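Single-structure report; data block below.
Chains: A, B, C and D, in written order; residue numbering restarts at 1 for each.
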Amino acid sequence: MTYAVFILFTLMALCGGVLVVTQRNLVRAATALVLSLFGVAGLYVLLEAGFLAAVQVLVYIGAIAILIIFAIMLTRRMVQGDESGLNRQWGWALVSAVVMFALFCYVVVKAWPLALGAVSAPAVPADSTEALGLALLDWEQYVLPFEIASVLLLSAMVGAVVIAREKHDS
Amino acid sequence: MIPLSWYVLVSAALFCIGLFGVLARRNAVAILMAVELMLNAVNVNLVAFWRYGEPQAMAGQVFALIVFTVAAAEAAVGLALFIAIYRSRDTVAVEEIDLMKG
Amino acid sequence: MKDYELIGLLFIVGLALPVAAILAGSILGPRKPNRIKNDTYECGMETFGPTWVQFKVQYYLFALVFVVFDIELVFLFPFAAAFDKLPLYAVVETVVFILILAAALVYAWKRKALEWF
Amino acid sequence: MNGFDISNLFLSIGQVWTEWLLQLGLSAGWVSFVNKLAGAVLVTAFAVGTVVFTIVGERKLIGRIQDRLGPNRVGPFGLLQTVPDVLKLLTKEIITPANADKVLYSIAPMLAVASVILIWGVVPFANGVMGVDLDIGALYFVAVSSFGTLAILLAGWSSNNKYALVSAFRVVAQLISYEVPLVLSLLVPVLLAGTMSMNGIVQAQAQGWFVILAPISMLIFFISSTAEVGRSPFDLLEADSEIVAGYNIEYSGMRFAMFFLGEWIHAFTICGLTATLFFGGWRGPFVDQVPALGVIYFLVKMFAIYFVHIWIRTTMPRLRIDHLLDFNWKFLVPLSLVNLIVMSLAARLTGMPRADAALGELLPYWGVLLGVNVVLAAVTLYVLGVVGSRIRRRQEAAREPEPAVTGP
C-alpha cells in the first residue's frame, strides 16, 4: 500500500517535471510544475514531515506558482509563436542530464542497498513541529539562520521592488 | 518502510529533469521553473536523510525551510529581473539577451 | 503518516463529487454546440486581438510582497506551535524577525509598491 | 458487544459499526480503510448538505432584511427552492468555448470544490469527532485554501476571455493580499494554545474562549476571512449588480455550479473555523459529560457567525479595489503584525498558566491579555483618527481655490 502511494507521488513529481521542461505553453508548464510540487509534497508526507508538506503546498503552490504565472502574463510575447520551447543545444542538454542521472544511480546503488523490506529508521519526535520551533529559536542551534532568513527576504523584496517598478515619467 | 535509496533516486531523477530544463529551455521564466525543480530535488534529499538519519535533531527540516526561503527570494528577484528585461528588450528568450557577450 | 490517509481519501471524494456532478450535467443537459455559442462571451461584441494580453506590473508587486510574507508565516508557525515551551529570549528573537519584515513592508509602502494605479 | 453508552454517542456508534464490519469478515486493514472512506464521505456529505439549507436560509434572510419575502413558492415557506435550482443547473448545456484551454478549463471547477471540502477534514464537530486531528491542523487549513486561489487563476486564464482573465487577476490579488492578515491573526490562537491541532485549540479554551483573550485577532480573522470568501463588501469578483460575472464568465451548467458550490461551502466553512478558533468550537455546558452535545454547540456557533456574515453582506456597500487593497496592506497587515508581537510578549511575560489551572490563577492572565487588547484598540483608533484628519486637511487644502490674481 505504501509502495503504491510512493509510486503514485513519484510519478506525479517526475511526469510533472518532464512536462515543465517540455511544454511550450508556459502557463501549462506552470500547472505541470504545480503537479510536480504536489507530488513532492506527497513524498514529504510519506517521510513523516507533514509540516514541510503543508509548507510546500502553501509556499510553492500558493505563492511561488502564482508569482510565476503572474510573471508569465507580464512577459507575454514569447509564449505564442511556432518556434519550439527548446533551444539549439537541447540534444547536448539531454545527453548531459542522462549521464548525470546514470552517475547518480551508480553512486546511490553503491552506497545504499536498493533491497526492499526490513528497513528501519529511528522514530520521529512526537510533535515534530514543536521540535522544529524549539530548534529554530534555540540560542545554540539555528537562531542565526532564522534571523538571516528574514534579512534575506527583506533584501529580496527591496531588490525586486526596485527592479520591477515602472519608472513614472512626470 | 521504503528504503532511503528510492527517495534519493527520485530526487536524482527530478534534479536531472531540472538540469535538462535549465540547459535546454529558451524562455527565461521556464528556466526559472526548472531551477525550482532542482531545488525541490535537493529538498527531497534533505528530508529523506533527516528521516533516515537522525530525526530527533531537526537539522534536515531546518535546512529544507531555508531552501524554501532561498527559492522564494530567488523566484521573486529573478522574475522581477525578467520583467525589467522584457520591458527594455521586449523578449525573455535567453539567446537574445546576451548583451554581455560583446 | 496514518493521519493523512483520510486527507487523501477526502481529496479523492472531494474531486469525485464535482466529476460526478459535471458528468450528470453533461448527460442530462442538451449538447448542441454551434459557432456562435462557443465563441468568447463578450456581451455580443466580436472579440479582437489576442486574449492573453499583457498585464500591469502592479499585480506582480502585490504577489511579490505576498510571497515574502508567506515565507515569514511559514517561520512563525513552528514558533507559535512551540510557544508554551519557549523562553522569553526566543520570543524576543521572533519579535526581531517580525520587525525586520515589517521594515520590508514599510519599504514597499514608501516606494509605492502597494498603490493601485 | 458493549452496551450502547449514550454519554459518548459517537464512540459507541463507531464501535458498533466497526464490530459489524469485522463480523462481515473484513480484515482489520480493510475495516480501517472503510472507516476512513466512510469518514471522508460523511464530511463531504455534511459540507454539501449544509449548502442546501444555507442557500434557502440566506435567501430568506436577505429577503427579510431587504423588506421582501424571498423564495416562497416551492414547498412550505419556499424551503425546497434549492431542488428546482439544482435541477435547472443539471439540465443546462455545458459549454466549452472553442478557444479555451480544454484541460485546464475542466480541471479548475473541480479544484475549486475539492479545496474547500478538504478544509472540513480538520474541523472538530465535537471532542474527537472530526475527520482527522492533524498536528498541523491550522497550517493545513491555510495550505489547502491556496488551491482555491490556483483554481480561480486557472479558470480565468483557460477561458480565453479578456474579462475572465482581468477578473481572475483582481480576485487573486485580493485573495493573496487578505491571506496575510488572516494567517497572522490565526497565529494568535495557535500560540495561546501552544498547538496547531484544531482539537487541541478547542481544548485549550476550556476556561475561556480566545475571543475574550484576543478580540482584535478575532476581528482581523473575521474581516479577512470574509474577504477570502469574496463576499460582500469584498465581492468585487462577482459584483453581480454591476458586471456580468467574474473569472467564471465562460462557465455554464454544472461547471458553473461547481464554482458556486465551492463558494457557498467556503462561506460557512470559515464561520466554522472562526467558531473553532475563537469561540470555543464544541465547548459548552455539560459537554464533558455528554460529548454529543458538542455538535449542537458547534453548529449553533457556526450559524450564529454565519448570520453576522449575511447581515454584513446585506448592509455594507461594495468596496473599490484600490480601497480594498489599501485597507489590507496599510491597515490590517500592520495591525496584525503589531497585534502578534504584543500578544506574544504579553502572553510570555504573564507566564501563561495551564489551561486547567484554577480560576484565580487564570483571571490575572485574562485580565492582562484583555487589557492589552483594549489598549491596542484604543491606540489604533487614535492613530486612525490622527491620520484620517491629516488626510482630510490635506484634501481640503488641495481643493481650496487659488486666490484670484488681480491685474494692475
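In this section, a contact is a pair of C-beta atoms (placed from the backbone, for glycine too) under 8 Å apart; a residue touches a chain by one contact, two chains touch by 3 or more.
In this text the structure is predicted, and so the values were computed from the model without any measurement.
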item	value
Closest chain to global C-alpha mean, per-chain Cα centroids	C
Separation of chain A from chain B, taking each centre as the mean of its C-alpha atoms, in whole Å	6
Where chain A and chain C are represented by their mean Cα positions, the distance between them in whole Å	17
Interchain centroid distance [CA atoms averaged], chain B/chain C, Å	21
Sequence positions of chain A contacting 2 or more other chains	46, 48, 50-51, 55, 58-59, 62-64, 66-67, 70-71, 73-74, 77, 79, 127-132, 136, 149, 153, 156-157, 160-161, 164, 166
Residues of chain B whose C-beta touches two or more other chains	65, 68-69, 72, 75-76, 79-80, 83
Residues of chain C engaged with two or more neighbouring chains	3-4, 52-53, 55, 57, 59-60, 63-68, 70-71, 73-75, 77, 79-83, 85-86, 94, 101
Interchain contacts, given as pairs of chains that touch	A-B, A-C, A-D, B-C, C-D
Residue ranges of chain A in contact with chain B within the complex	2-3, 6, 10, 13-14, 17-18, 20-21, 26, 29-30, 33, 36-37, 40, 43-44, 46-49, 51-52, 55-56, 59-60, 63-64, 67-68, 71-72, 74-75, 77-79, 83-87, 89-90, 92-94, 96-98, 100-101, 104-105, 108-109, 111-116, 119-125, 128, 131-132, 135-136, 141-142, 145, 149, 152-153, 155-157, 159-161, 163-164, 166
Chain B residues touching chain A - in the complex, by the definition given at the top	1-10, 12-21, 23-27, 29-30, 32-34, 36-37, 40, 43-44, 47-48, 50-52, 54-59, 61-62, 64-66, 68-77, 79-84, 86-87, 90-95
For the chain C and chain B complex, residues of the former touching the latter	57, 60, 64, 67-68, 70-71, 74-75
For the chain A and chain C complex, residues of the former touching the latter	5, 45-46, 48, 50-51, 55, 58-59, 62-64, 66-67, 70-71, 73-74, 76-77, 79-80, 127, 129-134, 136-139, 143, 146-147, 149-151, 153-154, 156-158, 160-162, 164-166
In the complex with chain C, residue positions of chain B that touch it	65, 68-69, 72, 75-76, 79-80, 83
